[in-house]
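One chain, chain A, appears in both complexes that follow, with chain B as partner in the first and chain C in the second.
Moving on to the complex of A and B:
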């Protein structure tokens, strides 16, 4: 088992964590305003695809990431319009957006690149790796923490930023209020719909980044349905982390690590299909830990009582 | 005159909610508005608070005409409203709930410390003590009410509208609230109070305006009126005084023996409760809500499994039996929380009425529409349930009308045993009279009733025996003839049973 847990495992965990973490943070923001976003998977997929498109068309990695953010922003606007404006059931909207994203990206893959299954072009450059001065020279730790894409580091900043935003700023406070008791918030003149739209759009941007990390971070390619359930794992991370940025980060780390571990286990003569179950089994086990503890349920209970 | 509402008329389609109603308020005055459910009190206040615009008529503040298009407008003009269903964020602290919408901030963000200071200052100035750092969800309803009032004061309200402010409070909390209102009025704040509770209104108000069917039926000085005159103005006729027939002794219907529910707290929710209800008897349970009454009722009706003890219904042991079996065994249940247990908000009046009656209104497994319609129509008429039609969704009925529907449905079960929990919560005097009459009728018909109510007067009026619950125990049993409000209140607050 010596070969199982080594430095490169932890380093790869940090890479695989990032897309899950970014999407989960988006999910957390949506959950905080009372919209349970099942569409993370689809948004992430749109992000992954459009990042490749942007990269292929412009050859500029920054433009590619911005393009992905833009496209998922528009895609999340659809989610917002249907669930906030038309008041459709959020779960159904989320599910339909997931299928739509799968169909749309597969179709566009053929329409734009004229390929089936996957698109790869040697001329495309992936996200550059950042070597962090000082840290990279620390033994062990340097190998784990240094040499990742900018998005990996950005995601850490986003966690801290969101934590501060939600619990220290006035706007964050109102966002929490809008989610906990929209009727009361409206009676105070807080613009609940506007806040919800803001949250959904932010979620879109984060999912765009998540997708970009997925298709440009490790490998520079797009394959059909390449999110492979990561959006749903992100959803679980959202719940397990109680929609708390730091909690979500912890939960995402767990799932990211499990994913890396499952890849690593394939090198140990275990059947691929078996090892691929590992993250999902952990997801199911994780479910046991938040039976009734979700703050959402408590808030719902409080608001539904006849008082 | 601080506020004048002139000739307000409000119509929804062909329903007239307010018809030519005029109302005024002086500075420092407490002006109550009373009327039955659907008399138009709430509509009038929604108009004043900017939630509705009147079809005709206008509002003047200090003599100047104003018009409000949203609550924010009203708040800007110094009008604040405390809703019947509190508009609070239960996971937030008291201070956060008070300052929300106008949060003190520093360049770094929301200044929670300043919010707490502001809260302490307000609490001190207006004599309403609160702990700014406490979570609102963990505060008692009395404290939550206080938070609502402080919030309105923080927003700079000069006119405060209280919609059914005492509905959920304990007798002691009601007293505290009335004192607080009077002291605020003495400091120049003006109050409009919507209420059903005539006694409290007469005690606290300066003037009382009565509405009936959307029309003004009179404005009287509180010092020159009594409950009888007000009831007459509200209902349009004299109320019948209830007569209770002498109790006939009967066989035991419900026997509860040392019931204990532990719950997940250190203290058991229900400990060693024994009681008996006989034929032709109403047993009342008094107590501050949250002292085990809910658990007791749930354990009896099968919604909650007791840890130890037994429940016998008509001699049959039904401890922990499925709810359906217990109901078929002879139990009907008017639940305390009408939205959670009593109705489905999405279903219509007919469907809600049908609940529990399906077996009698079916043939070969198919529901018989006409006989169901007949049954529910009869209730609507007898109890005066105000509903658009039988196909109106339950959520569009006012709380009082919904309550009447539930009471009618459960009484119609015709079971030997009835649990009546808060049977008249939120209903007007006319309907209360009907419900009380029906309950007493059931008693005369040898029915057994377990009554739980936070209204002491109701418990005392209807019960043959009164049990007082405190912290999950029955701490006293009194005969109705000898019970006094003082003694019950003392027991409810955990005092020893003296004498």
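Moving on to the complex of A and C:
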């Protein structure tokens, strides 16, 4: 067991957690305005693919990330249009956008790069690793916290920023009000659907960043369906974190840690299935304790009008 | 006469959706520089072109039909059962293990395996229903979570305790079932097996059940208007458990039939990677939860998938055109839900309701 928990385990947990965390924050924002976004998986996939496309076409990593954010923004606009404007069932829109993303990215992989399965190019550079000056010299902690891509640090800032935005600013309160009780919010003159659009677009940007970290962070390549269920894990992290940025961060850390632990256990030829299962079991147990949350009711409403 | 017009009207939306889907697919084909007519012709040939391809499509449609029917039943009762995947996997695992370890002649093994699959899938699904009925834990989310738990559990079972150690391959799978427990093929040399007949019978039974029985009416009433249903003396909890059991049981049946008819063993990932569960949900959405419509939509979706494979074999157009078509179909159909929603909203306004 000695080799099981070491520094590199925690460092890898921090890396695996970032895409999940960014997408989960997007999901949380959507949940706060009453839209239960099942389409995180698809949005993330679009982000991962367009980040590679941007990188390949321009060779500039910053432009690549911005391009991914732009494309995911447009994709999330489709989600917003279908669910806010056309009032289609949010869950069905999310499911179909996941399908569309998988189809579109695999198709474009073939149409743009003329390859099947995965695209990799040696000339492409991934996100640079940052060594944080002071922290990197702290024993143990330095090895865990330093030497990650910029997006890892950005995600931590986003968590704090969102927490402040939601609970300390006027716009944040309006956003919460729009989700909590749309009718009351409307009667106060808050433009609910505009706020919902804003939340969906913000979610798109965050998912774009999540995808960019996935395809440019650890490896610099794109493979078909490379999100591999991370969007749904992010969705679960959103629920476990009660759509509270700090809570979501904690939940994502749990998921990331369990994923890294499972990879580690594989190295020891131990069964990984139960460690992989833990986050889902924890979430179900957590659901037992935290019920009557507004976004849950929203999901329930969407659920019941689904015939 | 009225019946005919309503039947025709209910066909307009899906047909329109298919046309829009094919149009978007055509755009994608043009982008990669293929010829639209030639590509769609290849797609048609891959799905229905010969007797072999037709039976192939129907084989693929079999689990999709059963899962779609299960999801449709839950939808009709007003529940979003997203857990078909886990229910199917557990059903398949139970069926495989029963068929391997059950003594007796082949028919007994086969029937016991199918029952085990139905019960395993049903109980797993009813568990989510119980959590909702008893503790008000949202069904949509729990079924989604239970999928992961079920697939990891099944993967563990075939990677460790029940792993096939006879072969040289290091695959996570059970040993092969005895040949006597296999579902017989319908035609010599074709993939189509008796499971398809089972799916067809279940479709008809489901149609009759929903339309002509008291329980079927109660389910539709619960889904249509829960308040009215409780006013009519229907116990939501009980009916929920029952309909979730049947819904999951059908997914379990799909898994068992796939094991007994096609794969002859439980292979980790062999049921999840073709996306049968999601295809089943799509079929249900496409058909608006109508049982026979769901079966037809399932065959259509299976045809898009097998046709896509045929297209990829014979042209330069990638397989994914068909997944784009599928996604557009569903997006378009969810706009149909919108249409009925607006109608309902207008009706509500007329009756003076605030919402």
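The criterion applied here is as follows: the second predicted complex is superposed on the first by the 269 of 307 C-alpha atoms of A that agree within 3 Å, B and C clash if a C-alpha of one lies under 4 Å from a C-alpha of the other, contacts with A are read in each partner's own complex, and residues count from 1 in each chain.
In this text, a contact is a pair of C-beta atoms (placed from the backbone, for glycine too) under 8 Å apart; a residue touches a chain by one contact, two chains touch by 3 or more.
Since the structure is predicted, the reported quantities are computational estimates derived from the model, not experimental observations.
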item	value
Chain B versus chain C as contact partner of A:86, first or second or both or neither	second
Partner chain in contact with A:288 - chain B first, chain C second, else both or neither	second
First, second, both or neither for A:118, with chain B first and chain C second	neither
Contacts of A:239 with chain B and chain C, given as first, second, both or neither	second
Contacts of A:219 with chain B and chain C, given as first, second, both or neither	neither
First (chain B), second (chain C), both or neither touched by A:160	neither
Partner contacting more residues of chain A (chain B vs chain C)	C
Partner chain(s) touched by A:280 [first = chain B, second = chain C, both, neither]	second
Touching partner for A:170 - first (chain B), second (chain C), both, neither	first
Those residues of chain A which chain B touches in one complex and chain C touches in the other	183, 299, 303-307
Residues of chain A touching chain B in the complex	164, 168-170, 172-174, 176-177, 180-181, 183-184, 187-190, 295, 298-299, 302-307
Residue ranges of chain A touching chain C (in the complex, touch as defined)	82, 86-89, 91-93, 95-97, 99-100, 102-104, 106-107, 110-111, 116, 183, 232, 235-236, 239, 271, 273-274, 276-277, 280-281, 283-284, 287-288, 291-292, 296, 299-300, 303-307
Chain B residues within the chain A interface of the complex	70-72, 75, 83, 85-92, 96, 100-101, 103, 105, 108-110, 137, 141, 168, 337-340, 399
Touching residues on chain C, where the partner in the complex is chain A	28, 31-32, 75-76, 78-80, 131, 135-142, 144-146, 148-149, 152-153, 155-156, 159-160, 223-224, 226, 278, 281-282, 285, 289, 318-324, 326-328, 330-331, 334-335, 337-338, 341-342, 354-355
